[in-house]
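When the chains are written out, they are named A, B, C, D and E in that same order, and each has its own residue count from 1.
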Amino acid sequence: MIPLHYILFVSTGLFFIGMFGLFTRRNMITMLMSVELILNSVNINFVAFNKYLYPEKLAGVFFSLFIIAIAAAEAAVAIAIIINLYRNIRSIDVEAADELKF
Amino acid sequence: MWNGIIVSLRQELMVTGILFLLLFIKVASTESRPGPILTLINVLLTVNLVLGFFPATGATLFNGMFHTDGLIVLEKNILNLGTLIVSLLAYDWLKTHRQMLEFYMLLLATLTGFFFMISAGNLLMFYLGLELSTIPLTALSGFDLEKRQSSEAAMKFIISSAFSSALLLFGISLLYGATGTLGFIEIVHHLDGSAFQLFAFILLFSGFAFKVSAVPFHLWTADVYEGSPVPVTAYLSVISKGAVFFIFVQTLYTVFKPMAGDWRRILVLISVLTMLTGNLFAIRQNNLKRLLAFSSIVQSGFILAGMSGSSRTGDASVVYFILIYIFSNLGAFGVVALISAQTGRETIDDYKGLYTHNPLLSWVMAISLFSLAGIPPTAGFFGKFFLLMAAAGRGNYVFISIAALNMVISLYYYLRVIKAIFMDKQPEPIGKLKVPLLPNIAFAICLAGILVTGLAGWVYDYIYSLSIGV
Amino acid sequence: MEASVVVFYILSAFILVTGALAVTSRKIFRSAIWLLFCLTGIAGLYFWLDMQFIAAVQIVVYVGGIVVLIIFSIFLTQQSGKELPPPIRSSAVFSALAVCAGFLLTCILLGQYGRFRVPEPRYDYGGPDMSVSAIGTQLLSTTEHGYVLPFEVVSILLLAAMIGCIVLAIKPKSDEK
Amino acid sequence: MNLSILVIVPLLTVLALLFSRGQNAIRWLSFAGVTVQLVLSFVLLAVFWKERAAGNPVSMLFEYRHAWFSALNIDYHVGVDGISVAMILLTAVIMVGAVLVSWKIGPHSRVFFILLLLLSAGAYGFFISLDLFTLFFFLEISVIPKFLLIGIWGSGKKEYAALKLALMLMAGSALVFIGILGIYYNSYGPPSLYWPDIHPAVSVQRIFFPFLFVGFGIFTALFPFHTWVPDGHSSAPTAASMFLAGISMKLGGYGCLRVAIYMMPAAAAEYSPYIIGLATIAIVYGAFATMMQKDLKYINAYSSVSHCGFILLAIGMGTRTAIVGAVMQMISHGLMTALFFAAIGMIYDRTHTRLVEKLGGLLKIMPFTATIFVIAGLCSLGLPGLSGFVAEMTIFMGSWQRPETASRLATILACASIVITAVYILRATGQTIMGPIKDPQYNSLTDASWNEKLAGVLLIAGIVVIGVAPFWLNQLINK
Amino acid sequence: MPNTAYIILIPLLPFIGFVILGLFGRKYIRSFAGAIATGLLLVSTALSLWVAYWYFFVGGMVNGAYRPVTALKLEWLSFSHDLSIDMSIILDPISVMMIVVVSLVSLMVHLFSLSYMKGEERFATYYAFLGLFTFSMLGLVVSGNIFEIYIFWELVGCSSYLLIGYYYDRPTAVAAAKKAFIVTRFADLGFLVGILILSFQAHTLDFNILISRLLSAVMNPSDAGLASFWGVSLISWGLILVFIGGAGKSALFPLHIWLPDAMEGPTPVSALIHAATMVVAGVYLVARLYLLYALIDPAVTQIILYAGAISALLAAIIACTQTDIKRVLAYSTMSQIGYMMFALGTYHPGEDPALGYTASLFHLFTHAFFKALLFLCAGVIIHNIHSNEMKDMGGLRKSLPLTHACFLIACLAIAGIPPFAGFFSKEEILLAAWNSNKLVYGIGLFTSGLTAFYMFRLYFSVFWHKPATGHRHRQPLVESLPLVILALGAVFAGFIPFSRFVTASGFPDKPSGIGTNAIAPVLIAAVGIGIAAWLYAKASDRPAKAAASLRGLYTFAYHKFYIDELYLFITKKIIFNCIGRPAAWIDRNIVDGFINGVAITTGRISTAIKGVQSGRVQDYAWFFFIGIAGLAVLFIYIVT
């Protein structure tokens, strides 16, 4: 059977892939996607911990459930905001939205 | 058990109730006349505030997920008060705004989130409360739909907060893995201060730091504050920050007590960075909202300094300071909100010669700024004094000296505003503005708070009696 | 070498690769699809951990909800065919380095932490009750291990999010005229 | 006697001003207010004298203590000894003068007087407080009104001066603040800020004495932190200049005195060479810098630097006589410089210039003002029969008691500075008051009006009373 | 002894006059201000005469010697248990003598001014200042406490400032007043430090105790009183410094430069300041501390001796070349003071009673009369000619007969022609010098010749020189009366057996008879007068020739040996340019520049780092990440 930290490595890898996307992608929607990846890695963590170490309670599982729910909500609001911004500046490039600075 | 729930959750229930009431009104009424509805809402908020002050006993419900005590109730009341003031100040802006009711719904949702976050008994509840407060806030900051800056601010806010909450979650998950539990009380016993746990803690810490906009997690602050509608900015800068600070202190002082040695050092470092950076950026701002944003960053630096004292004084001083900070900052933002709502002018140059036509507003502004700068006899003086006193409890006087130096620097840009208002002249100064009743009430509350809270020593003593040390 | 191990390696490889493609692909529509695959793969990982319920939720909410939402928003905001602007090379390189460093750091910390050195899940207590009904009751019970309060909070959250979306996405009257 | 009245009366006056209507009402109200202050301070003097005569040996009289932040053991705690009483008298006298000379102040006169009265309240509070927190509270209260007074009603590059003053004084109080925290956590027994009996360990004193002393020193123009003085004084409106030089610089002196003599004598003894050195530099160099000034207010400002150097010198010397001299110098310099600024203000109001070379022959045009000016000048160069002489001689006598050659040399340099003082005072007087009238249109100018005359007479009376009969002040301080 | 408290009235009455006139003179009582002042002064003069009588013939003598009588003693300001300034009045021979002289001369000046200053705009102010001056001077002479004397010393300086600068709209007058004040102030610095030293050594400020304690301290050198600085004992330092103070007031070389300029004041003021009072203060001070100067350190005595002699000579030489009548008188004053001073320096051990002491004070006494007389005459002349320059004068003997007579008497007196007052005193001084130091005796002799010469040069060129013209002017009584009184003084004061009353020891001494040694001075004087007559009695080109013949010396002396220029150079060039300006500059640019620099730097930094807030949300994420990584690395691997 696979030891725990292999799974953890996978999730961490996913986590940093997401972070890489967040750093490099200039399209807001793709940035959002990267955030979703990060959240998923967290979910994997929770489930794995729950499964391997603390099976007597389902704390981890529930946490990941709630994370999923919230991720959905967050994505929705984010997209709404992005669309609204798109209305104003006709672009979804983050570089385009740097009027506020210094 | 229900009585217990109702008594302990009365503030949450009240707020949620108002939220749903507004929802019904929205759904039911075809066209809404802003005036009376605003009045009604403010009355409701006042009632809510008053209800909050009923005597409360400590309780722990839902098998440890929800926990409350005297201090927490007080903190919720403080937040209620702040929200009330904000909504009073928002009057001018909302009168004309189309989605006035939605504004309040989101606002109240946020408030509920803060309440649950403050009295969270485990990390899950904490996270839920945090998100419940964050997501509507991002929506709120984009509330000036036609304004480009507003939506840009909202975008920055949601993306960076999503990022930060993701990191926070990662930290939580690691912590869960390391301790096997989410409950605050249990976690304490499983903390061994190992490197890994420290790493998890740092991730968690960054989540807090992001929320209280501590350097280097502060970069969203200025942009969001500048872009958002002024009332939202005000709300962000006091209520959101205050609430997070409340839970921050609690978490550090109770949950992470075993790591006190570590987080004390982290706090000192972060607070120095925060004060310096905030000041350095603030001194060259011209937009008043942005200036106040950076000043609020500096204030967080001072609060962090107080926290680093990790003594009972520290705990009490933080709560006390946030109470004062609400009065001072809302006083200042109130004036800005009023002026920007009526004239749309927000830069310091616009404020030149304000005194000639609006002496009253000028004095409100001046006194609030003095309180922010910590000038006696305003309450800010006492707040800062006790924060640094708490910080000095650890005997790190280099740190204290830096903090004191920063007090001087920060005085400079507050005085710049005062100078513009009282001393400078400009061809067309802002004309005589008429201040509606509700904002006037708000100003009265703020000034009263600024002048009374400090001089009346019992306020501090009361908070002290409720607070705890490490 | 048992099958499950092989399955795990395949799954994780799939997840990582598709994830990487999702954040690098120059065609936004494609990267959305890669994201879809990645999420599905994660669902598969849950199955592999025999956490059926959460796997199901993963598929329903993410694959069925979020990704679709994203794709729609892509359609709303721009034509799919167009290539994304390439990332600035220097920033890409730096990000890669930083991310690798972070990855190493985290892995080292994870590897060092003794508590995680468990070869396989514990079965000594007879496995958690993963039946949907069990989870459902637990989700709504106020008793021990009851999650009713978070549930309510989330409901408020969803309501608020809904309102927020409406407010933001609603077309201002000014535009209509 | 309940000392808090001293603070309350100005506040009540402010309250009354808020609801008063009309120029005259405002003027007379403020005048009434300060007059009451004056009366009160004399009453205080009388009762204090009676107590002492009755042989009350307690170091601090009329103590009143009210727990302010009991959780932190911080009190509102007031009481007076001879020194405080003397300073309170000074404040009261100068305040009356200040209100009188700003009788015809420009726009927003209400706010002007309110700020002025707030300043006085702060000063009284500072002089009576026995708890370092209370002390610090009142010390900082007195910063911002100055900023506004200078910035709104000032002249010249007022904004710059106001900002500079506020920031430097704030820096000073920040240092004081650090020192206070240090004392708070390192005092014997429970944390306490009751300064008459906190005696930190010598090691603690060694660390925190510089903070407190320099902090207060900035207020009293300790070299090299004196640069706010010239700008601040010269661009402030007359009343503010009077208060700044007359009282506010004395807050610092008073603070230094209390710190060096009462709280941290050991550290003071250790640091005395540095204090003496800096003070001597301030005295001599201030005097020389004064010689080169062209603007009357700058002349007086720099001479204030020099004169306040005497205070610090005496504190550094630390002999009993020197300390008495320091207090006398504070009083004397307060009155004298206030008088000087009053005279300069009167001249400026009429001629609209303060440049020495533009003025001349004022004695013929406005004899009264000119006479005030000359008397102030003579007091400043230490003429017997006026207060300056008494104070300076006491300081010299006291300083000479220190047998080390270095401090002897410092004393001699200080003595030498009175010659330089004579030089610049006489130059200024000779060119402005005497000599031919430079500008024919000055001939039409009028002499001081009744209120200005009253102010002048009051201050001169103070100077002469001390100068002719110094023994009472001497006893008051020694008690 | 009888109650002597009334003596305080002597200084107090003029002061009261000052207060009254100062407060109300300007408006209310200017018309009869003079009368008030004069009346008050008359009373105090009468009192002082009575005191003199009482002291010398009734109360002063205690078993054969004049002992100091403390008439009054009030503690004014107590520095410490042993050091305190007392306002005290002590009577001893010299103080009594001085109050008589001061009040008398001052009274004369008051009288004279009644007509001389009539119609002046600030008539009352003038009398107020006179009153202040008289008060300070009287206070000075009666004070029994070294700090008290310093106080009045300063007051004298101030009131002389006011009097010299009386014509305040003349820049020259203002400058002169300033000069007088500052120069004397500079000297007073020495006085002050001297006081500090002496009082610290003796633990007292009272004159008599001070003297006795210091003497005892010197007698047994084990005492710490002999702590030394640069090899000279502190007490000697103290004495030298005090002497410098005296030298400043008494216009001894090189501190004399203020004296000639001080002639800018009204002529009666010059009479008051220069004849009898302010300028002799220094002599009086040294006389007060005579025992210390004589007994403690012979070196100090020598300093006094030569300082006196040199200034006597220099002043005489300069006086020969001046053309402004008042300046000539001023220099003659300076020269006479030089006489008095070196007379005080003539003491050398083993010689008792100190002849020089008596002689010096005797000369002070007589000099008061004829010098006051000279100045008042000069006043009359100037009033009539409306000029100070000798060349505008000449042949006035007809028009001003009384003045002529008085002037002649005064000249004879100052030239030391028997039997006029000057003869006796100067003769005694020369005798003392002869006993002590032949060189100084020579100088003195030569100087007396010069004195005779320049005085008669003045006399002839004012009253003769040209044919007598004009009708005789009417002189009001108040002008002529003082002249007459002073003239009588100048004639007869010499016959007072001075050494009976005023001696260093206090024991009366038989008057030193006029011996053969009186011949030389008289001859020299006669020669001087002869030359003067030959040169100036008739208008001729002889003076020019004479001047030409010793051109170098002449111009050198005419420009007062360029001492003024030297001082000007030091003050303007060195002190102002090399100290004052740099100080001001440093303050503005370096000290203040530093403070401003801090502010500017802060601003620079804030501009430099503004890029951090780039406005791009990805950079924010970057910083977030870096922050976490930094914290993690720092606190996991580095700290702990």
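By our rule, a residue touches a chain if its C-beta (ideal position, glycine included) is under 8 Å from a C-beta of that chain, and two chains touch if they have at least 3 such contacts.
All values reported here derive from a predicted model rather than from experimental measurement.
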Touching chain C and also chain D, the following chains: B, E
Quick check on the contact graph: shortest path length from chain C to chain E, in steps? 1
Quick one: which chain's Cα centre is the longest way from chain A's? E
Far-end chain from chain B, centres as C-alpha averages: E
Taking all protein C-alpha atoms shown, work out their mean, then name the chain whose own C-alpha mean is nearest to it. D
By the contact definition above, name the pair with the higher C-beta contact count: A-E or A-B. A-B
What whole-number Å value describes the gap between the mean CA coordinates of chain B and chain D? 42
Where the centres are mean C-alpha positions, what is the separation of chain D from chain E, in Å? 36
Once you find the CA centre of chain B and the CA centre of chain E, what distance in Å lies between them? 77
Chain A and chain C: spacing of chain centres that average the CA atoms, whole Å: 6
Hey, what residues on chain E touch two or more of the other chains? 599, 610, 613, 615, 617-618, 621-622, 625-626, 632, 636
Note the residues in chain A that touch 2 or more other chains, in rising order. 8, 15, 18-19, 22-23, 26, 31-32, 53, 62, 66, 70, 73-74, 77, 80-82, 84, 87, 94, 97, 99-101
Two-or-more-chain contact residues of chain C, please, as numbers and ranges. 91, 98, 102, 106, 109-110, 115-116, 145, 150, 154, 157, 161, 164-165, 168
Touch relationships between chains, expressed as pairs: A-B, A-C, A-E, B-C, B-D, B-E, C-E, D-E
Where on chain B is chain E touching in the complex? 155-156, 159-160, 163-164, 167, 195, 198-199, 202-203, 205-206, 209-210, 215-217, 219-220, 222-223, 262, 265-266, 269, 277, 280-281, 283-284, 409, 412
Quick check: in the complex, which residue numbers of chain E touch chain B? 599, 602-603, 605-607, 609-610, 612-613, 615, 617, 619-621, 623-624, 626-628, 630-632, 634-636, 639-640
Residue ranges of chain C touching chain A (in the complex, touch as defined): 2, 4-5, 8, 12, 15-16, 19-20, 22-24, 28, 31-32, 35, 38-39, 42, 45-46, 49, 51, 53-54, 57-58, 61-62, 65-66, 69-70, 73-74, 76-78, 84-85, 87, 91-92, 95-96, 98-100, 102-103, 106-107, 110-111, 115-122, 125, 127-128, 135, 138-139, 145, 147, 150, 154, 157-158, 161-162, 164-165, 168-169, 175
Contact footprint of chain A on chain B as seen in their complex: 123-124, 127-128, 131, 135, 138-139, 142, 145-149, 151-156, 158-159, 162-163, 166-167, 169-170, 172-174, 176-177, 180-182, 222-223, 226-227
Complex interface listing, chain A residues touching chain B: 8, 15, 18, 22, 28, 31-32, 35, 38-39, 41-42, 45-46, 49, 53-54, 59-60, 62-63, 66-67, 70, 73-74, 77-78, 80-82, 84-85, 87-89, 94, 97, 99-101
